[in-house]
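Letters A, B, C and D name the chains as they come in the text, with residue numbers starting at 1 for each one.
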Amino acid sequence: MNTIYKIVKSEKLNIDTFLLTVESEKIAKKSRPGQIVHIKCGNGTEAYLRRPISICSVDREKGTFDLAIQIRGKGTKILSCLKAGDDIDVMGPLGQGFSLYPRHKKIIAVGGGIGIFPLLQLLKDHPAQNKKAILGFRTRSLIILENEFRQSCNELLIATDDGSYGEKGFVTELLKKEVEKELPDMVFICGPTVMMKAGVELLKKHNIPCEVSMEQRMGCGIGACLVCVCKIKKDDDWNYTQICKSGPVFSGDEVIFD
Amino acid sequence: MNNINLEINIAGIKLKNPVIAASGCFGFGREYSRYFDLNRLGGIAVKGLTKLARKGNPPPRIAETPSGILNSVGLQNPGVKTFIEKEIPFLRSYGIAIIANASGNTIEDYEYMVEILSSADVDGIELNLSCPNVKEGCMSFGSTSNGVFEVVSRVKKKAGKPLIVKLTPNVTDITEIARAAETAGADSVSLINTLLGMAIDAKTKRPILGNVTGGLSGPAVKPIALRMVYQVSKAVKIPIIGMGGISNGTDAVEFLLAGASAVMLGTAGFVNPMAWVETIEGLEKYMIENNVKSVTELIGGLIA
Amino acid sequence: MNNINLEINIAGIKLKNPVIAASGCFGFGREYSRYFDLNRLGGIAVKGLTKLARKGNPPPRIAETPSGILNSVGLQNPGVKTFIEKEIPFLRSYGIAIIANASGNTIEDYEYMVEILSSADVDGIELNLSCPNVKEGCMSFGSTSNGVFEVVSRVKKKAGKPLIVKLTPNVTDITEIARAAETAGADSVSLINTLLGMAIDAKTKRPILGNVTGGLSGPAVKPIALRMVYQVSKAVKIPIIGMGGISNGTDAVEFLLAGASAVMLGTAGFVNPMAWVETIEGLEKYMIENNVKSVTELIGGLIA
Amino acid sequence: MNTIYKIVKSEKLNIDTFLLTVESEKIAKKSRPGQIVHIKCGNGTEAYLRRPISICSVDREKGTFDLAIQIRGKGTKILSCLKAGDDIDVMGPLGQGFSLYPRHKKIIAVGGGIGIFPLLQLLKDHPAQNKKAILGFRTRSLIILENEFRQSCNELLIATDDGSYGEKGFVTELLKKEVEKELPDMVFICGPTVMMKAGVELLKKHNIPCEVSMEQRMGCGIGACLVCVCKIKKDDDWNYTQICKSGPVFSGDEVIFD
């Protein structure tokens, strides 16, 4: 199975985040919003394991897909040095994406930090008429992909922790206000665990369904090694379930956040 | 292919080539079957099984270390009965050896496992006396020769299939443990399981793994594994299945030269899902280039 | 520097910072003194000494492995008397702690070594009960708690200097060994020495090392070393010197958090002759960034 | 101590050997023929240890030195990918070079395989009037640096194993013929151990002094770790002596070849 593709473009988005455009008919065509890829960083053992990255957006015509990547450590650093024309070793698309139901007419996508990335293609692909996005950033200078998001939804709200742009505060506070204004049919939340947990609890009160995208350190990326688990309810009990295979997207009410 | 013979018989388990997927890194084969034809493999050691289903340890369960990984899965599995019902039929659709990896908290658990697996359609049973990620049983039996002797001699009486005893490297003298397994009736030994290790995040001042410690595997441990296979091959007569950091054909050849009759690969597959297939191809290439007709010629062929 | 305090006292040995050159990787300091000012270091553990000069093992004595190395030097050294005469005066010209690393074939050898070194101008004696590259003595004493107890309690009577016992990782339960050392009177333990390993050249079908097996060190072993330091810190009260794969300040912090009071670096210096200095600088940087006033605050600070 | 230098040029010499020109006033000025450098290959742990390489030639005016490197494994492969402008981490010059005595009027330098490289600067720098070089290659297509050697000595003899160029046979056979024609004052031999051993034995019979350059796997490269040893005679006995510090060049009669 071939996993080697060509990089079309690498572009800096902000101080520590870059956008990588990769050529792959297969991944562009097959992937659903919310799915991930699993990437080898460099040829050697320097960053030994692959890194899981969400597909940020796809161009199905051109047969390319975009990854928005934040430099955190060794592996993402290696990826940030790649240039157009370089090879990249990508397994994917992997896992289960978001649910795109036509019955959901009004949706809200809520993202914080690196959690905003998978929401872009979700907003592009979702059949709803009314699509709202609430994105959180630490501060104004870190805001990225603003235009792309604006073009993919009906309304874009931005929150910054320090109030340097948009609303000051957490995205969950904005979500609360929006929900209290008008109930959406479905909400998608992606970001730090505390944020997703707060969002899920809020929506539960209003009986609104939601989906979250979970994060965990990964090994194989395809469900075989059982390292990337989170607690998922099963009957009266729960199981540790593979995020790479059964996720990263789960229904908000099936996840147990510890 | 060029008249070279990769077949090997491990204590009655026939393998069409000596490359086996290591337990715990390959699930029950379903996932990787989408990446390559499982028929290419010599065999599969399935995820570690226990009497009842086990939830396993809290995440994070993996940490990256220099040229290796730590894992602390803790034997999450659906229980041996579910395996027999749901997984064996799938695996049997391929022409490869099925090795059931079995663990327990007590000797009675191990007896139960060997008994039930002996009447199931598997080719061999790998007795896991070496998992470092569970509190009871397992490595605590596997770290003394008395413990190993007792478990193995007890289960041997129930065993209707070839019995492979999987050894832990976390011991002072692995040859002593291997001899105890042999004396107690093991048909083969496999080594090494993971080395107990730990990773810390200096930023958060916390262990990276949810279980604090975990088992080290991957290329980092290869020199230790190779030494242990070499030592054990001098100490016992039963065939050895070698593993620990194998990533390609050359690595596999090194283990065969050190005295292994077959090899397992686990961690390498996380990085390269074709690692098992490429290892077989690399081994073939080595044999052709070095005019080795049968893989059996390589076993213990080290000039030292 | 910013009011941070790197000083630490290990069982009476005063170190101006907790970074010490590991034995066998730094000779007697002369070579590296041309690369940096030895005054930067907390201390130096000199090349392993024996009663009489030793030639060591046949070459090759080093093999590269994934993120690590194997060595099989085998305690080549000019003998303890030559060390005292020729090397101490040179080392004393620096304001750093001198730790004499001592080995022997017999308990009497160890007694002799500790006696003669106690009347020499060194700050501490590191008893090497863990060299995997010599046939007699050393690791054979170090791999059982009885062996360690016997040697340490005998030499303790002759010891006029702080006694650090260096432990081998090639054991089933390092806490048992550490406790034996403590009970017998050790003032400190240092760990880990190298893990016994092996490398094979598939092309020539021969071991790479002249001595067949060797000791594994470098980043590859870090997770094992860290785990052992953590375990030992829960088992004994005497201070621990941690080592095994440390290459920079972050690594050093991890060992301190796991329970070490000081650290040693060896192998990393082969790759980067400034590794010792950069580790000290990295530690300082971490302390400043994390508002740690004294290095003692880090010791055993793991939140687990 | 700074060990980072800039690469000026990388040039392919034959199928598996390349010439790397590195800018370093210090190394160009300080090094003596026969000395080595110890090189980090890549930034990571892929090739963990440094690699010892002989200094092939120096340009003291320009402040550069040349390394001729044969691709053997991981480390040399990484070095072969470096280009002009890249950084390289080099410790050196290290060890003891060849003896350049004015009293040696007639010298012969004998090299085989990668052993020829340190002989180039030796021939350039040696004060003798009569300098001869005998170089051995496996076959014609592998012959490299022929012009450079020709310009640095009075006579260049080339031997190939298969006779495809120059004389057919081993360099030691050519050396034998030359020595029997006219005794040199000094001989320098560098190549595989068997070749150096045969050369030393031959010259002993004729009572001609010689120097050899020893090879061994290295760790620290500066004498501290004692891994890179060979047997060197000492009084009635011998010691394992560090090649990186007391060598790589030793007097032929002090080495014990096992």
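In this section, a residue touches a chain if its C-beta (ideal position, glycine included) is under 8 Å from a C-beta of that chain, and two chains touch if they have at least 3 such contacts.
Keep in mind that this is a model prediction, so the values were computed, not measured.
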List the centre-to-centre spacing of chain A and chain C in whole Å, with centres computed as mean CA coordinates. 47
Note: chain C sits from chain B at a C-alpha centroid distance in Å of 34
Just curious, how far off is chain D from chain A if you go by their C-alpha centres, in Å? 56
Chain A to chain B: how many Å between their CA centres? 36
Residues within chain C bordering two or more other chains: 63, 65-68, 218-219
Within chain A, the set of residues that touch 2 or more other chains is 45
What topology does the chain contact graph adopt: line, ring, star, complete, or other? ring
Chains touching one another, given as label pairs in label order: A-B, A-D, B-C, C-D
Which stretch or stretches of chain A touch chain B in the complex? 1, 3, 40, 45, 47-50, 91, 216-230, 239-240, 245, 258
Residues of chain D touching chain A in the complex: 42-46
Touching chain B in the complex: which residues of chain C? 63, 65-68, 70, 143-144, 170-173, 195-200, 202, 204-207, 212-213, 216, 218-224, 226-227, 230, 245, 250, 253-254, 257-258, 286, 301-304
Complex contact set, residues of chain B against chain A: 24-27, 30-32, 34-36, 47, 55-56, 58-69, 71, 73, 76, 208, 218-219, 267, 269-274
